[in-house]
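Same chain, two partners: chain A is paired with chain B first, then with chain C.
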Partner chain A sequence: MQRRRFIQSMAALAAAGALPFSLSPAFAAVSVDDLPKLEGELTLYLGRGEGGLYENVLKAIEERNPGFKLRIRRGPTASLANAILAEAKAGVKRADLFWAVDSGAIGMVTAEGLAQPLPADLTGQLHENFQFSNWTPVTGRVRTIPFNTDRLKAEDIPDDIMALADSDFKIGWAPAYASFQSFVTAMRILKGDKVTSDWLRGINKHAKKYAGELGVVMAVERGEVDIGLANHYYSLRLKSGKPDARVDLAFTRNDAGCLVNASGILALTEGDLPINFIRYLLSKEVQSYLAEQAYEIPLVDGVKPPEGLPNLALISPPDVDLTKLADLRPTIDLMRNVGIL
Partner chain B sequence: MKQWSPSYPLAFLIALIAVMPVAVLVVLAADSPQLFDTRNLEILSNTISLMLFTAAGAVVIGVPLALLTAYVRLPWSKFWLVLLAAPLAIPSYIGAFTLYAAFGPGGEIEQLTGITTPGFDGLFGSSVVMALYTYPFVMLTVRASLLSLDASLVNAARTLGMSLFSSLWSVVLPRITNGIAAGALLAAMYALSDFGTPAILGLDTFTRMIYVEYNSFGLSQAAMLSLQLLVIVGLILFIESRVKGTRERPGKALTLWPGRLRTSLMLLASMPVVLFSIVLPLAVFGLWLWREGAGGFELTYAWNSAYAALFAAIASVLFALPVAQAAIHGRFGRLMERVSFLGFGVPGIVMGTALVYVGLQFSMLYQTLALLVLAYVMRFLPLAVGAVRSTSERLDPSLVKAARLLGASRKEAFRRITLPLSVRGIVAGAALVFLEVMRELPATLILSPLDFETLATYLWRVYEAGYFGQAAIPGLLLVVISALALAIMFYGERWNQTDVLEEEPSVS
Partner chain C sequence: MNKWISRQHIISLLGAAALFTAQAALANGPIGEHVNHLSDNLDNYSKEVKWLNSEVEAMITRYHEGGVEAANPELLVENWESVQFHSAIETNYVPVYAAIWQGLFGVKGALEEQESEEEIRKQQRFFAESLWQGLGAVKLAAQYQDKGLTEHVKTTQENPTNSLEALDAIDNHLNRVVAKYAEKLPKEAVTIVHDTYLNLFEGVEGELIALDANLVEDLEKDFNVVLPQAIQNGASVDDVRKVVNTMQGKLDTAHALLEKSAEERKDVF
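What follows is the complex of A and B.
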């Protein structure tokens, strides 16, 4: 249960300011002042832009490094992953870096052996459950149950995700959304295909489908549904724009319902420049910015988690290897057979 | 015996290019494990229902408005025509999203007025939105047929004692069924290939499922679904080819002069359409802008959109000329034209994917503006061909013959007779392509060059991240630039009718 300890200690950090992480020998976050200057040009494939927040980070990095030019290609994460695979097959090389919002897409690219190995001192900045040899998570997100505060209290929501299937709640979900599919993959890994299909069928009887999880959270807030299934930051962003929003977050315990997933970056080109660029993303400044502005969970030590993510000590995420979430195909087939895709 | 037209080789080449994405799809789909299952049946029935309801809705709204704008003498008639055609300037996904946000429990309408409105989604919502944004096609095609009808038949019917309504019903309507069918088929094609509306309103159609499969790395399944969708598109194209244009002797079109009260009532009756398709989306944008403010927007996005669209419009017209010529010339040319129409039914995301594979074979093309423009051309060529053909078709062939007889070469006759007389069609076609390219999203996302952000891709970016306020400025800009293109299109159309309309004041 390394992950649980990690989240708990994050909560402790939030409470006590920035104490050194004592349980695991992780490095404290590096400040951009201590990072090597970037010189040259890189092409980044950026899966989704977070409405300017990632852009601001990239712009700031460019401003700090006058000799550095970043060329960006934006698109849906999956289609960029498809493009990288097709480019590799055709022997055309365009991207030096791939920043994906979903670890499943990362898995697709690493499985083809296209990702360059990363130095240990870079990956070592993250907690050990988030250390991988050829890619690195940038920020984390936790699966949550947003609920309408006019109708429900946190205590009304079961802390077992499986119990939702037999509940009376009207549930909003976005089965076509990548993070949701990763969550179903996690459930498959933890509970098996049969149980997962039954659960999906059960939910489907009293669920309403949305195009994305922002739509789910909005529907919860306006009372179209009682509860939803969504990544944590959508609710927090909605509340930041609308402080009296009628939505709050509930968490399940130790099951796929509170899976912690990550956005990640990998280098497709050898050399120091791509790796040093990644170092900037893991810097204290960038991690703090993404936590404060995008409400994402920072994954390096010594950076405060986003405001409004309550009771972090109570969250107990399941123990699932993030790279296994790339096993998406069986999930899609299962969801299609149940008839929800 | 008819000669082979010199436009055939060019048209053949263009048709060949148009088939290319389909060939890529066949190759990609070869890996697909599932050909068709019960889930596909559900998707098929959703898609067909949406298509039928959209076409029916577009006819119900479009035909009366065509009658109104063609025959009734309205004060500021040009203004009303532009206003009623303005939904063309608004991408249906913007309409879908704003209507969805406005209606339903907790929607913007309830927050502002306290009145709870029913939700707006599923098959019903999608059909209404699609009808609201496709009726201008029916209105414009039917209006064109109405204006080409000689009023003397209606006048005869009325002098023989038929009421106005029943003379419209039994004398005019039978002669414009082809115009109605053409407009309805255009609306149906739109419903088939649109992605944003069903995706936002939660209806599982082919385009949405293709997108879902594509984003879950099911490239071969996506290709298979695309091919199934193309079968339906082919069917619609076949039906469309059966619809024959009627040829009547030209004459002065009917003009009605109702009293002020009746005119006001008629205009009032058309206002709900304007309210839902134009006023409401703009109001919701305004609200978001006011509530959340703009931010992060750069004017280069608008510039990128505009010049990419301009290139595509010019290229489409250049491609459309030989195809339209060939289509007028004979059966083989007709076939080429039909083939080039396939692209219209290929959803943008599919076209984008297919062209990524094509581009990778010719890596100097890959991620260039040229490839993106090619994708636009393949997708929207039919619009240009249709517009060019409809004007060239009306061209009196004896003019060209006379020129040839007087010693002009084929080339000179084309340059000096055919081209100047088709200019209005060319302008209208180019403007229509421009309109569509401005709002095109999925293919742009996949194929655009590095660092190339357009209004549509920026909109998508902020929508995905949930910063609606930031969607307001690019959304409004998109509408404004589209409206300009629409104005140019009408400018082209005005030339079209000067010969009929200019005489009118002196007649009465």
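What follows is the complex of A and C.
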């Protein structure tokens, strides 16, 4: 499978310390010093994400380009996607750009044919599996299994997410959390609704619910549960603030349990200005900033992954079209039917 | 002196204009444009406070003459919701707003439960004190408003653009939790706690945990266990306020840590 080969090749390179999370066919990341100056005004719809870090990036872009003004509308990603669809239906176009924390919301907009095509030299900065004709991922995150290191070793954790349902582990999860629901959506796509429902029922028998995934990781660290289901960066952040934290990460293989999802951006209006703005987000400097400060995974070539991300040779994500994660409604219905929401 | 009163005292002394923040989305009907012209309406608010107090006195007199039915303590809620001063204090200083509700229900409960005269008068005094404190807070807010030091009251909530703004919003939301609980709306209070956690604190804690994991752990427990349980178990308003005050102290620590971190953070370019 092409996707699997990509990840294996990537992992081998990363393990060798050569090219973390990227491959040579991609163009090298561009420095902002080599980007055109931005002149004019744009309106960005910004999905609520990494606290002030995305805001810092946007401010820095404006400060670097005195002739450029960015108007920002902020809100939950899904609400902004719905607003864009509603505005398009009404024949109104207020947003020039949409930066979503979740590629599913991107899919809602691209499916309606509202996104502008992007030039190949821009999308070519990302590896081919992250190249799309009308949107671009900005940074990535991977689903993980944080485990309590006092009780378990990485090899104790099954590398098949489905096996967890029949395990004896006490599991922490956050079913109401959007990233968890995207993961369940990926499982539905890969395995179907019945298998997913059975899996959720099985897990629910020995799971403890938390409001958010940082809460899950902290519960794992405290030993309240043995393992958890969470995005990678929560564990890295916890370990940054508490270096002796009793938590480490395990990964399943080639299933929804190690889904790589991404934040993404698309242009809604034609012209060079929105495209050049996107180039700034893919610049070496912005990608490094988000990797170092937000622990997100850079998706362009030549930028180091966040400190503390375990050996990428362990990661083998499934082949899922990220934009297909858009519609959470069937997933939420299914989770309600199973009784976990 | 409990903590909210000491906070109020500090405000009076220091004139901390920033604490008179514009609140959004009120539960008891439209805000009314008068809240953006406090000075012009101070006389009216004063009259309303006097009227509310005289109505309580009249109610207690009726109670003595004809019992609970004649007193009709339910009128206390109707009276309070009918005055413009209600939204003036709700939009300007939620901690006192909560105390007013607490005082109101203190009087109402004392009458309905046919408590001793001493208890009824004690609750009446508490209610009256909270109303006068509220009027004082509105007068102070009016001065700041006249000097252009307070924001225009908005009817929609803005999204915080960074973690420090989010912490300020959390502080306001927690005050509203006490207010809703004092209004005898525990479900609404718990909903605010959950929404505040998911929509605001969740966005902050990722950044905060890298600075002080134990502080995040404490606040996680406060948001998800301590505060909701205090409300659901029917703790007194004072006890719920104590939990909130403790959380606000932790949030102050978080604010200082995040501020320092923002100053030290490397530039994007």
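As a working rule, the second predicted complex is superposed on the first by the 314 of 341 C-alpha atoms of A that agree within 3 Å, B and C clash if a C-alpha of one lies under 4 Å from a C-alpha of the other, contacts with A are read in each partner's own complex, and residues count from 1 in each chain.
Please note the rule applied: contacts are C-beta pairs under 8 Å (C-beta built on N, C-alpha and C of every residue); 3 or more make two chains touch, one makes a residue touch a chain.
Keep in mind the model is a prediction, meaning the values are calculated, not measured.
Placing chain B and chain C on a common chain A by superposition gives a clash between them.
With both structures placed on the common chain, the touch criterion links A:A60 to chain C but leaves chain B unconnected. In the superposition on chain A, A:Y234 contacts both chain B and chain C. After overlaying the two complexes on the shared chain, residue contacts for A:L214 are found with chain B and with chain C alike. In the superposed model, A:V32 makes contact with chain C only, not with chain B. In the superposition on chain A, A:G75 makes contact with both chain B and chain C. When the shared chain is aligned, no partner comes close enough to touch A:Q287: not chain B, not chain C.
More chain A residues lie in contact with B than with the other chain of the pair chain B and chain C. Contact with chain C, but none with chain B, is seen for A:A245 once the two complexes are overlaid on the shared chain. Stretch 92-100 is the one among 92-100, 110-118, 218-226 or 326-334 where chain B clashes with chain C after the superposition on chain A. Chain A uses residues 48-53, 55, 74-75, 176, 210-212, 214, 222, 234, 237-238, 241 to touch chain B in one structure and chain C in the other. Interface residues of chain B, counted against chain A in their complex, comprise 39, 42, 104-107, 119, 199-200, 202, 208-209, 211-219, 292, 295-296, 349, 352-353, 356-357, 360-361, 363, 366-367, 445-446, 448, 450-451, 453, 457, 461-462, 464-467, 469-470.
For chain A in complex with chain C, the residues that touch the partner chain are 32, 48-53, 55-57, 60-61, 64, 74-75, 176, 210-212, 214-215, 218, 222, 233-234, 237-238, 240-242, 245, 285-286, 289, 292-294.
On chain A, the positions that touch chain B within their shared complex are 43, 48-53, 55, 71-79, 81-83, 86-87, 89-92, 94, 108, 176, 178, 181, 208-212, 214, 221-224, 234, 237-238, 241, 328-329, 332, 336-337, 339, 341. Interface residues of chain C, counted against chain A in their complex, comprise 159, 161-164, 166, 194, 197-198, 202-207, 209-214, 216-217, 220, 223-224, 262, 265-269.
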